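A, B, C, D, E and F are the chain letters, set down in written order, and residue numbers restart from 1 in every chain.
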Amino acid sequence: MDIRITKEVENALLEDAPWGDITSKLTIDKHQSSIAHLMSKSDSVACGHEYFLSSFKLLDETISIETYIPEGNWVKSSEIVMTVKGNTRAILQAERVGLNYFCHMSGIATEVRKIATLIGSTDCKVVDTRKTLPHLRLAQKHAVEVGGGINHRMDLSSAILIKDNHICAVGNIYDAVSLAKDRSPHTMNVEVEVTDIDQARSAIDAGADILLLDNITPEQIEKIIEIVPDGIRTEASGGITPLNCKAYAETGVDTISMGYITHSVKSADFSLEFED
Amino acid sequence: MDIRITKEVENALLEDAPWGDITSKLTIDKHQSSIAHLMSKSDSVACGHEYFLSSFKLLDETISIETYIPEGNWVKSSEIVMTVKGNTRAILQAERVGLNYFCHMSGIATEVRKIATLIGSTDCKVVDTRKTLPHLRLAQKHAVEVGGGINHRMDLSSAILIKDNHICAVGNIYDAVSLAKDRSPHTMNVEVEVTDIDQARSAIDAGADILLLDNITPEQIEKIIEIVPDGIRTEASGGITPLNCKAYAETGVDTISMGYITHSVKSADFSLEFED
Amino acid sequence: MDIRITKEVENALLEDAPWGDITSKLTIDKHQSSIAHLMSKSDSVACGHEYFLSSFKLLDETISIETYIPEGNWVKSSEIVMTVKGNTRAILQAERVGLNYFCHMSGIATEVRKIATLIGSTDCKVVDTRKTLPHLRLAQKHAVEVGGGINHRMDLSSAILIKDNHICAVGNIYDAVSLAKDRSPHTMNVEVEVTDIDQARSAIDAGADILLLDNITPEQIEKIIEIVPDGIRTEASGGITPLNCKAYAETGVDTISMGYITHSVKSADFSLEFED
Amino acid sequence: MDIRITKEVENALLEDAPWGDITSKLTIDKHQSSIAHLMSKSDSVACGHEYFLSSFKLLDETISIETYIPEGNWVKSSEIVMTVKGNTRAILQAERVGLNYFCHMSGIATEVRKIATLIGSTDCKVVDTRKTLPHLRLAQKHAVEVGGGINHRMDLSSAILIKDNHICAVGNIYDAVSLAKDRSPHTMNVEVEVTDIDQARSAIDAGADILLLDNITPEQIEKIIEIVPDGIRTEASGGITPLNCKAYAETGVDTISMGYITHSVKSADFSLEFED
Amino acid sequence: MDIRITKEVENALLEDAPWGDITSKLTIDKHQSSIAHLMSKSDSVACGHEYFLSSFKLLDETISIETYIPEGNWVKSSEIVMTVKGNTRAILQAERVGLNYFCHMSGIATEVRKIATLIGSTDCKVVDTRKTLPHLRLAQKHAVEVGGGINHRMDLSSAILIKDNHICAVGNIYDAVSLAKDRSPHTMNVEVEVTDIDQARSAIDAGADILLLDNITPEQIEKIIEIVPDGIRTEASGGITPLNCKAYAETGVDTISMGYITHSVKSADFSLEFED
Amino acid sequence: MDIRITKEVENALLEDAPWGDITSKLTIDKHQSSIAHLMSKSDSVACGHEYFLSSFKLLDETISIETYIPEGNWVKSSEIVMTVKGNTRAILQAERVGLNYFCHMSGIATEVRKIATLIGSTDCKVVDTRKTLPHLRLAQKHAVEVGGGINHRMDLSSAILIKDNHICAVGNIYDAVSLAKDRSPHTMNVEVEVTDIDQARSAIDAGADILLLDNITPEQIEKIIEIVPDGIRTEASGGITPLNCKAYAETGVDTISMGYITHSVKSADFSLEFED
């Protein structure tokens, strides 16, 4: 099991049962064992297998889990994704943590798959943002990938992205980009947020590697892309939804980024069904 | 600052900038200072003040923050909730973590307030569940309270709730409740999930203190409540939404619990606007 | 192994050997193996099996341990509880930590068993308090259960108990109870400390679910219990000892709580005897 | 505040209130402030000031604490040791953790002071052992010092002590001591447990620096000490109690060590009294 | 103070004094205060100010520190960099940890400055590698920057670098680069290690953004650079030392990376001198 | 695996790959497996086996490792120390962390072995200091032992060493030693730094157990040793190098301590070679 996922799931288990599971302790025999099925209650992209599995294994390493539907596959309502066998108390204690991860991650993967499909006829890719929920970035970004998206920078340390507030603090876009280009590590590109064609020109002149076209209509994006030289990548963001994503993707932009796929997504519906 | 919130926000800050904020380091002077406003971009219940504030204070304790709209108040679009003053690099580094907490928590508080208002003419209370996102239970349950809801048990250790899978493992509801009543601490009640009037009768006979009426229509709930003696509390759950919550509340049930308010809620829209 | 017990025992092992066990490293061959017996040196209730076992297993997972006397059983002086086989250095390093847990937990279980036996002819139960030693609550409360007691609330978050200082801060008992009842979660009861029959009446009138009868003589408790309606539970505390516990239990009170069983208990006497 | 004490008290506070103090939240106004006195309810040596103080300061750094009786002083029943002023909720939440440390540490200091006084006419010193309660070694060993004792080794890494089980594993005492002397760091002495005069001779011949005279009568100890050359220190242990400690001290042994002062001591009685 | 540096220095302090500083406790009065100077004993680039300062401040926040020579400046032998004033025990306890950081980081900064100066007439930059000492990456990479170098990727997660072992596992360089280019995030470049001109051609054809020219002579590098199109960056590595770095830099390569500056550097010599 | 080493290597792995290894994820098939050899590229003493092994095992417990050359043995250039077999992605991710430990520890062991050999004709031992790199004390001190050295005190808590700054703060050496002797635990010796024969006399008169002869020429040390009574150990330090260590060792001093073997040592050269 992955070191970091192990630590995260351990903490989630301790958050949910700091002193153990009193209900199971009072009602279930210590040695009883059960079989339970992770069952889908709606159509979705299954995601979160390692988190689900770790929730059970970390409580009792003798629990066995069989997987029928691999991560990333569509699952229909009433289909069984995995079957869990082992100590009843441990299964009951792990159930909610395992489901909380699985339903949330599958919800994200499903939403991203929907967007990816909508723009599938173009070369444009859907990417995530740093608008993830605290402590869940690893799980959420993984779900975006499983859904068919691409991960934007994982954190503030791993890529340069000059946003409106940086530009505001520096004074103008040209200087901000120049400062970054001048001293950036050779492995890094400089991405900069622009909101109109003039800013785009300044950014290009200053040596920007990637333009983040923020809150601009598809029509305007098309015009800006016309002046963007080869080798400079483009990303559109701001108010992109399933309804308008295709229009954005068809502008020729390389990527569209959406915050809602990590901060406002509906959980997929799965439950753990015990065999009688 | 609260010990636990401090630890959670510290971890969120480290998650978002394991090696610092390279963009700000390259573009912003170390000693520059700025003023920035937490501005609402839609109507919502403001929530998450301590998390937002800690995000900045933990990066730089000399940052000062003035609060105009206290937690729990409605805020209209374009209103300023707080103003942040201090070192520009620190503000830029803390911005996203602070907003990620604030937008998510305000989203929950707003949704709960909506439900609380819809059922405001009854004595019924809205409560949350354990369907919270991993590592966010403290923040999410706090937002439910701020919204006007009541917290269900915080974790598996702090209350007894016999669910369908426990009953399945024990064999029948009467035995499950009896086992729990027999050995439960004197401070704890025994709550049990029932799905029809016969189960309710068995649960009452076995001494249950609280009935969780799961996936039952309001009409059926009314009939069950007729047979529930005084002193036994009732909770309805399963498929309750803003559309049908009033019908449930009017059955006379003491509480309605909803999972979606913590696992599938839309973030409220706030941004941090720098003064020029 | 339980996640939380594992973490606690790991920390105890690191506390006792931050840089390893230099004596064993200097005197014992790296590959030597030994057999050692956990032997009782007095009569007591054996308790702490998982802690003892984890102390050895966490240092060397190839150590094997056979258990002869299960947790909760009486063990006589000179009886062997468990036998440990494996690497000598690891056994010597784990020995003290394992014994420190086992002797302390068995000491508590033995004392609680004594009280439980003394009041065994009544329906009254012995319960613990929050007067546990820091970082040892899980282990100590477990030992109370093994001894035959019931756990009071695990922590400040999991039950409501209005004590003298709360009443002092609020001003009077009626208001304190009313405030709590008015806003308490539906899963929780309100327990309140009362010191005479008038306070008991006020508490009952305000809706208290449990009365904590603190520092009152058995005679007075009997009088108070006469006015307590069915459904309200009672707990006696304050100066209850093995000498007077039966008198308290016979008053009809539901539970008696004692702090000394966790904060002032004598360790049971066990040692680890190496086979020649 | 000391880094390690801060971490330990933080963990103790989180252990006692993982989700906050619901009773105080429901009954006490957020902005109320109180004055409370740490009052002795029996005669004892006051100990644990920094732990007590940290319990409050870590929850609310604006709480002020005045100290009247310094650590190590005798306090009589009904005397006030410290006065705490500040936010009522924070004081109520910290109270039990602060008292749990203070009562336990004062109990140890008082017991050690009693022994130190009993043997005060000799040059013998009372020392502690590694029979401390898990996670409490720092606090307990500090209390031993405050009581007038001397700390034995803090852990397995910081001194060499060859015990019966090491000798059993090596085969004989001479070889065990020789192995240790041969390879021990120049800063370390080699202490070895002996149970009769022959073992003492072998230990001395092999170069032992310190003899641990375990489970030997005072009369026998006197005879052994006669053959111990200058420069070799001696320690008596095993069954030493307040009743016989003077007899041991008068044998001329340098130190007597006692496990019960850390594993089986009675808490001192202190309470926190709120001003009306 | 930076959250991560604070955590790292706290751990370093606990590593060096798990139970406090017994020498200072035994010899120095608790209330004594001293003045001590961080003095250079050789010529070097001063580096590690925040780590040095935190070592003292974390032990006692009332210690004051005055800085005369800012980070990055050359300091001559016998010059004073900072002056520390405050509690003597705290200064003595923090001294070694503060010096261990400062001497190591200054050693790195000095070595990097030397290289940067040697290649100062070219546009080539000196960069570090992932050959840092475990747990010291943040401090070491900071020292490289202070010395005048540029940081290569901070970790395996923040940039793509296909090395010989990846190529070996994939089978050939073209496929390895193609796989990476095809699925890499839009913010990331693909860097690939090449060892001759044929590999360089394959890498360029496959779309590599950066070429790592490993273990190649300056003469060969010049030839390879001739075929490298504009926009593709180059890095030389392998056996580059102060003696040959200028020859590498003059080939026209963009950066030269050296492992020895973090894994085999000599500490700079500083001591803490107490005022009499 | 050792608890502490496990924690340290886990943290090193997370430091090097907070979000996983993107290069391997993009280029290597998830199920591919490889064989790789830890090969020496120069002559050195092999050291760090458990750290190297843990780096791989912690990422994937199914990886198998065969060891050909045990810790402490000389290895020649091009010899294979261990062979690693298993999942390719896991091997590639663990490679650098494993090598960073192994090269650094082998570098230390090699340097210490060199010194130990140089002074091998005397009874003098080489010892380390507290001048270790932060967070690496356990690994570095282990390497010193493997090289043939002896560990000085592990930390400030485990031995008493009065240095120049203590003496400066106390006022004179006699008082400093007397204070320490008077109150030191019976297991501990008092070591004190002296810089000339007069200080040595004062230290001896005050009862010092060990003299640290700091920054004195071999000739002067010989003179001081003449006046040192039997039973008092001696340590030389300050400017001792491979060039002059034999002269120091031949003075009759018991130990020579050197800081550079932990703070300024050159890494040994090893690489991980994949089989085609």
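A few notes on this one:
By definition in this document, a contact is a pair of C-beta atoms (placed from the backbone, for glycine too) under 8 Å apart; a residue touches a chain by one contact, two chains touch by 3 or more.
In this text the structure is predicted, and so the values were computed from the model without any measurement.
Least step count on the touch graph, subunit A to subunit D: 2. The chains that touch subunit D as well as subunit E are B, F.
Set against the Cα centre of subunit C, the chain with the most distant centre is E.
Between B-E and B-C, more C-beta contact pairs are found at B-C. Remark: subunit A and subunit F have CA centroids separated by 44 Å (rounded to whole angstrom). Chain centres here are Cα means. That of subunit A falls 22 Å from that of subunit B.
Rounded to a whole number, the gap between the C-alpha centres of subunit C and subunit E is 52 angstrom. Multi-chain contact residues of subunit E (touching two or more other chains): 18-20, 154-155, 157-159, 161, 183, 188.
If touching chains are joined by edges, the resulting network of the protein chains shown has some other shape, matching none of path, cycle, star or complete graph. Of all possible chain pairs, those that touch are A-B, A-C, A-E, A-F, B-C, B-D, B-E, C-D, C-F, D-E, D-F, E-F. The touching residues of subunit A, when paired with subunit F in their complex, are 2-4, 138, 141, 154-155. Considering their complex, residues 8-9, 11-12, 15-24, 26-28, 32, 34, 36, 88, 92-93, 95-97, 99-101, 103-104, 107, 130-137, 139, 155-166, 168-170, 176, 179-180, 183-184, 188, 260, 263-267, 272, 274, 276 of subunit C touch subunit D. Chain contact summary for the complex, subunit C toward subunit F: residues 10, 13-14, 18-20, 58-59. Looking at the complex, you find that subunit B touches subunit C at residues 125, 127, 150-154, 157-159, 161, 183, 185-189, 191, 210, 231, 233, 235, 254-255.
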